[in-house]
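Presented sequentially are two complexes of chain A, the first with chain B as partner and the second with chain C.
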Partner chain A sequence: MNAGVALAEGVGAVVDRARAFAERERGATPLFLQNLRQLALEALVRSGFPEPGHEEWRYFPVAEAVRLLSGCAGASGAANASRRPGARAALAAVAALGYAEKRQHQLVFVNGSLDPELSTLDNLPKGVHFHGISRLLEKGSPLVEPRLGLLRGHQRHPFVALNTAFLADGALLLVPDRVVCTTPLHVVNVTDGTDGAVATHPRVLLVLGENAQATVVETFVGAGPAFVNPVTEAYLGPHAFLDHYTLQEGSAEAAHVGTFDAHLAPGGQLFTHLFSAGSLLARNEASVHLHGDGAGLTMDGLYLGRNEQVVDNHVLVDHARPHCGSQQYYKGILDGKARGAFDGKVIVKPTASRTDAHQKNRNLLLSPEATVDSKPQLEIYNNDVKATHGSATGRLDPDALFYLRSRGFGETEARAALTLAFASEIAERIKVEPLRKHLEARVLAWLSGNGRETAS
Partner chain B sequence: MSETMLQIEDLHARIQEDGTEILKGISLTIRAGEVHAIMGPNGSGKSTLAHVLSGREGYEVTAGTAFYKGRDLLAMPPEERAREGVFLSFQYPVEIPGVSNTYFLRMALNATRKHRGLPEIDAIDFLALVEEKARLVDLDDALLNRSVNEGFSGGEKKRNEIFQMAVLDPQLAILDETDSGLDIDALRIVAGGINALRSPDRAMLVITHYQRLLNHIVPDFVHVLAGGRIVRSGDRQLAHLLEERGYSWLDEEAALPVGRVS
Partner chain C sequence: MSANQVLDQLTREEYKHGFVTDIESDVFAPGLDEDVVRRISAKKGEPEWLLEWRLKAFRHWTKMKEPTWAKVSYPPIDYQAISYYAAPKPKGEGPKSLDEVDPELLATYEKLGVPLKEREILAGVAVDAVFDSVSVATTFKDKLKDLGIVFCSFSEAVHEHPDLVRRWLGSVVPPQDNFFAALNSAVFSDGSFCYIPKGVRCPMELSTYFRINQADTGQFERTLIVADEGASVSYLEGCTAPKRDRNQLHAAVVELVALDDAKIKYSTVQNWYPGDKDGKGGIYNFVTKRGKCQGARSRISWTQVETGSAITWKYPSCVLLGDDSVGEFYSVALANNYQQADTGSKMIHVGRNTRSTIISKGISAGHGQNTYRGGVKILKSAAGARNYSQCDSLLLGDKCGAHTFPYLEVKNSSAQIEHEASTSKIGEDQLFYCRQRGLSAEDAVSMIVNGFAKRVIKELPMEFAVEAQKLLGVSLEGSVG
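Now for the complex of A and B:
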């Protein structure tokens, strides 16, 4: 079956499924959500899934991912999902993360549905909303209606449309003006495909008021085959500060197509951290719209790939107002036959004078068969701009390897030490200490399971 | 007679990439407690010898042998040589961003200890050891927590090499131009550190261009390496002679390879 046919059949099957889902749910669905799902579905029917060679999807095997999707049951709301063995294993892994201890604020979704027993929401600061949205979606609520889908991703982006067509549950964070959340807020997604492949479409809506502050950590873990299609929308009010983490550690049999969309008001500050190590096929997409004067953005990324993994990082930064700053620093480590990509575009619109934009991508190839495509791009339509971009791809420095070995490091240890050093530049920038430790431990674990002899 | 630490016989080595022969038959015997100096013009093969002895890739030994305490040195991977007690102080120490100096040293020390059947060093003992040895070469504490050699001045890098040597406590130390890049005071301090490590059961091979270093570290033997061969060996007076007259007079003597002088 060629890719085009696979894609067309995939869309057909998925659209039928979405229609059936919408029909089934119609009784329990307020009008705004019916409309939203309908619009998304129409957009998806119009656009289809991206064909091979599509400019924005060059580095991602869409057809392969859609094939995985076609093989999935509509998993939304599987009862008792968290009691199943695969999910339990994945949850144990979450518990072992350490950073997601009970006393913290955390929402745990198992196969797309909130598991209240596993979630803890004690002692949230006054006025802060942090909870699941299924009830709000059923009843309609002024907390979600005005914002959900406001960035219109479902009109532009086939996988955001897909997510929206199946929208049924997710997480909401609403931080009122001037309120500071001091402890991180966790959203954990567990996808268990061990009893049959599942598709999930998690949704997160983050709304920060003026001068509000929050740290949000979205974690993805799982077992078995799955198609995980999360969408996060973030709205930062004037001078709001959001520190956002995505830890993608999905199952080795899963496809992960994630989209993060953010809108910044004047003075808004956003720091995103991406850590992508899991899933067979991973697409980590982030679009940030700097639509207020003086907004600031820092995006860090660390992506690891081995064996046959594909990890495609797609970034768009939209400078639309003056005095905004943005910097991206993405680093990738690829072993085995893994393929990586950094496709990042910074657009500086005519209205965005005194922009300061920097883009950097570095990649480390650990095996002769690993590859990476690095495409940092600047599109500048204003003269009053300071912008740089750069990309470098290399291998471990043989002089450094010898230096370490001449001091007694074994070859594997020496390679691990240098690889960890490469990664630590990104890990060190994580402000939440348990998270930083977790990440360093994850990189180490990845490395120890990743001697050249084990990479197939 | 004391134990033979290093016995090199008729060692030939070439650059793997282009096949250029650099070492053209080197023979040298070093016993425990001895300090041997190697001098010689630029490009004569001094660093190549040091690299071949420590197992750097990129060279091919085409003939000859090198035994370390009776074991075939050339058959061991570099880390095993290090763990067995061979230490190379690099002419150009390598910068390793992101790996802290102390972490690096603790890993290195523990690798050697493990090899010798010793447990990992206790954190407090390690700290004490590091402090003591840093003092020996007057190494700035701040350098300990920085990445290995990253942004170190030339002199700081050389101090760091000798500091590492002091911590790792090798039995055969090969010091490749440890004096170059050091100012006069630093030279005195570093040489003092090296001298402190002289002992009846340790041997040193000191590569240098300058008699100056040998005033501090008085060698038992001096060898001249030229064109990939040891063209002359002698006692410390040879170093003075070289300082005065350069290397050219050796050519005029139609020098033949000279073996061990003892």
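Now for the complex of A and C:
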């Protein structure tokens, strides 16, 4: 079956499923959400899934991902981790972050539904809303309704449309003006496909008021075959500050197609950190709209790939107002037959004078079979800018390896030390202590399973 | 005069080569079908195999779609409204020597500053001049002949060196390669052919000058250069066209082949009519240029200064097949007024230890949109490949745009590739510094722009470097937003 046919059939099957879902849920769904699902579904029918050769998807095997999606059942009703050995095992993989115990503000979703047993929401600062949205969606809520889908991702992006068509649960964070959340807020998505492949469409809505501050960590873990299609929407008010982490450690049989969409008001500051090591096929997409004067953005990314993994990072930074600054720094380490990609675009609109935009991508190829595609792009319509980008790809420096060997390091240790140093540049910028430690340990563990090939 | 005024003045400089020469021409009625292809072929008295080759290309072209991925916009082209053949009308037999060439034509080249006459032997440049679609005169032919070098018009080569032409034609850019290459293959009327035999270093710069004179015609020339083992050649190409308010199409194909240890240096100063300051008229320059480093240690170098054309769509490329072969690309592209340029280079590394360098400097002014689009592909077989790319953009004025779209695809871990790009305007501090040292705003801007482009211009042969610098100066001159 060729890719085009597979895609068309995939859309057909998914659309039928989404219609049935909408029908089933109609009674419990407020009108605005019914409309939203309907609009998303129509957009998906119109656009279909991206065909092979689609410019924005040229480095991601959409057909393979859709094939995985077609084999998935919809997420089944309420589930909780304690009754699912697969989910428990997946959570154990990120034990260092403390999700198994209830020590921090956390929302744990198992196969798309909130697990109340594992979620902890005590002692939040006054006025802060941090909880699941299914309850709010049933009743309709002034907190959710005006924001959900406001960035219109479902009109533009087939997988955001897919997520919206199946929108049923998710996390909401609302930080009122001038409130500072000092401790990180965790959203954990566990996808357990050990009893049969499962598709989940988690949704996160982050709304920060004027001068509000928060740190949010989204973690994706799982077991068995799955299709995980998360969408996060973030709205930063004037001078709001958001530190956002995505930890993608999905199951090795899963496809992960994630989209992060953010809108910044004047003076808003956004930091995003992406760590992507899991899933067979991973697409990490982020678009940030700097729509307020003087907004600032820093995006870090570290992606690891081995075996047959594909990891495709897609970044769009939209400078629409003056005096904004943005920096991207993505690093990739590819081993085995992994394929990595970085496709980043900075658009500086005519209205965005005094823009300072930088984009960097570095890739390390550890094996002869690993490949990488890098496409850093600048699209500039204003002359009052400073914009740079750079991309470099290579293997470990043979001189550095030789130096370490001559100082008594074994081949494996020398390679691990150099690779870890390469990764540390990103890891050390992580401000959440347990997360940074977890990440460094993860990179080390990842390396010990690799690093056997020689440099020559 | 303030820097802004200087910029204004510089960016408003008019096109200097916009005259029309009144020469009787033999022009086909607009339109394109198999019959037109046959008539072109018949006009040239071509052998059967070439006609078949053209027809095959034409049949393929009718099935192709015009590409739309480039970042340029223009109204759809009506391919049936273009005349596909325009030749200066021969007076009896073709010219035997320069004395017999129409004096009007020679006067035109005089105006263009093309050193066509033999008396300008001191200029040391052998020129093949292509007027509309037909090659009118080739200088220094005898001198080159002594060395075994073939340098002549394409039609002549078809008759006199059919084996060479047949062997290499389409070997780098196959007729089905892309929409415009297919169109060119079907209707190309003339061009230059050059063959440098084994071990010969061409003692002088070879040069082609292209001019579109006739209204509503398209120009489709084809250049084929083959450097045999150990040969080397430096080749220059220049282009101009009269001012007209209608757009004209130019779809050329250039093929270079370098065998073992051969070197080809191909330099272009492209100054087709860019349209007026409101974006009316101008040439659509849709060109396919590709070099094949077929032999080991061969080297192909592209240098281009692009100041003309309403729309440029051009990606001189190198296919690095031979081990240790080298590809280079140096470019200055300028987009002023309503010009749009989507240009860059492709380096395809196939052989081991192949190296490539891309240096691209884009300058945008007025409403100009300048896009660098480049591809570096390291195939699995290209162990030890190395690429370095640098693409800088300079923005003059607040309505222009500069875009950079590099594609870096690495399939071999022993490759090392680097890409860097920056976009900025001329710094106020830089300008202030120059002004403070006594330079006028105009000179300061001109100096900074020339400094920006210097890395590329110094790659040009001397005669061209001077012209290129002047062109840059004429095409714009000051800038601070």
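Keep in mind that, in the parts below, the second predicted complex is superposed on the first by the 438 of 456 C-alpha atoms of A that agree within 3 Å, B and C clash if a C-alpha of one lies under 4 Å from a C-alpha of the other, contacts with A are read in each partner's own complex, and residues count from 1 in each chain.
Heads up, the rule we're going with is that a residue touches a chain if its C-beta (ideal position, glycine included) is under 8 Å from a C-beta of that chain, and two chains touch if they have at least 3 such contacts.
Not measured: the values here are computed from a predicted model.
Quick check on the superposition: with chain A as the shared anchor, is it clash or fit for chain B versus chain C?
Overlaying the two structures gives chain B and chain C room side by side.
A:413 contacts which: chain B (first), chain C (second), both, neither?
first
A:399 contacts which: chain B (first), chain C (second), both, neither?
The answer is first: A:399 touches chain B but not chain C.
Kindly classify A:150 by the partners it touches after superposition: chain B alone (first), chain C alone (second), both, or neither?
Neither partner.
For A:8, is the partner it touches chain B (first), chain C (second), both, or none of the two (neither)?
It touches nothing on chain B or chain C.
Quick check for you: in the superposed arrangement, does A:371 touch first (chain B), second (chain C), both or neither?
A:371: touches chain C, not chain B.
Output check: A:424 vs chain B and chain C. Expected answer is one of first, second, both, neither. What do you get?
first
Measure off the angle at the C-alpha centre of chain A toward the C-alpha centres of chain B and chain C in the combined model, and quote it in steps of 10°.
70
Identify which of chain B and chain C touches the larger number of residues of chain A.
Per-residue touch count on chain A favours C.
By the touch definition at the top of the document, which applies to A:121: first (chain B), second (chain C), both, or neither?
Touch partners of A:121: none, neither chain B nor chain C.
Chain B to chain C: minimum CA distance in the overlay, Å?
When the complexes share the chain A frame, the smallest chain B-chain C C-alpha distance is 12 Å.
In their complex, what parts of chain A are in touch with chain C?
On the chain A side, the touching residues are 55, 350, 353, 363, 365-395.
Name, in rising order, each residue of chain C that touches chain A in their complex.
It comes out as residues 69, 364, 393, 395-425, 481.
State the interface residues of chain B toward chain A in the complex, per the touch definition above.
54-57, 77-79, 81-83, 87-88, 90, 93-99, 104-105, 107-109, 111-112, 115, 147-148, 164, 168
Would you mind writing out the residues of chain A in touch with chain B in their complex?
397-400, 402-411, 413-414, 417-418, 420-422, 424-425
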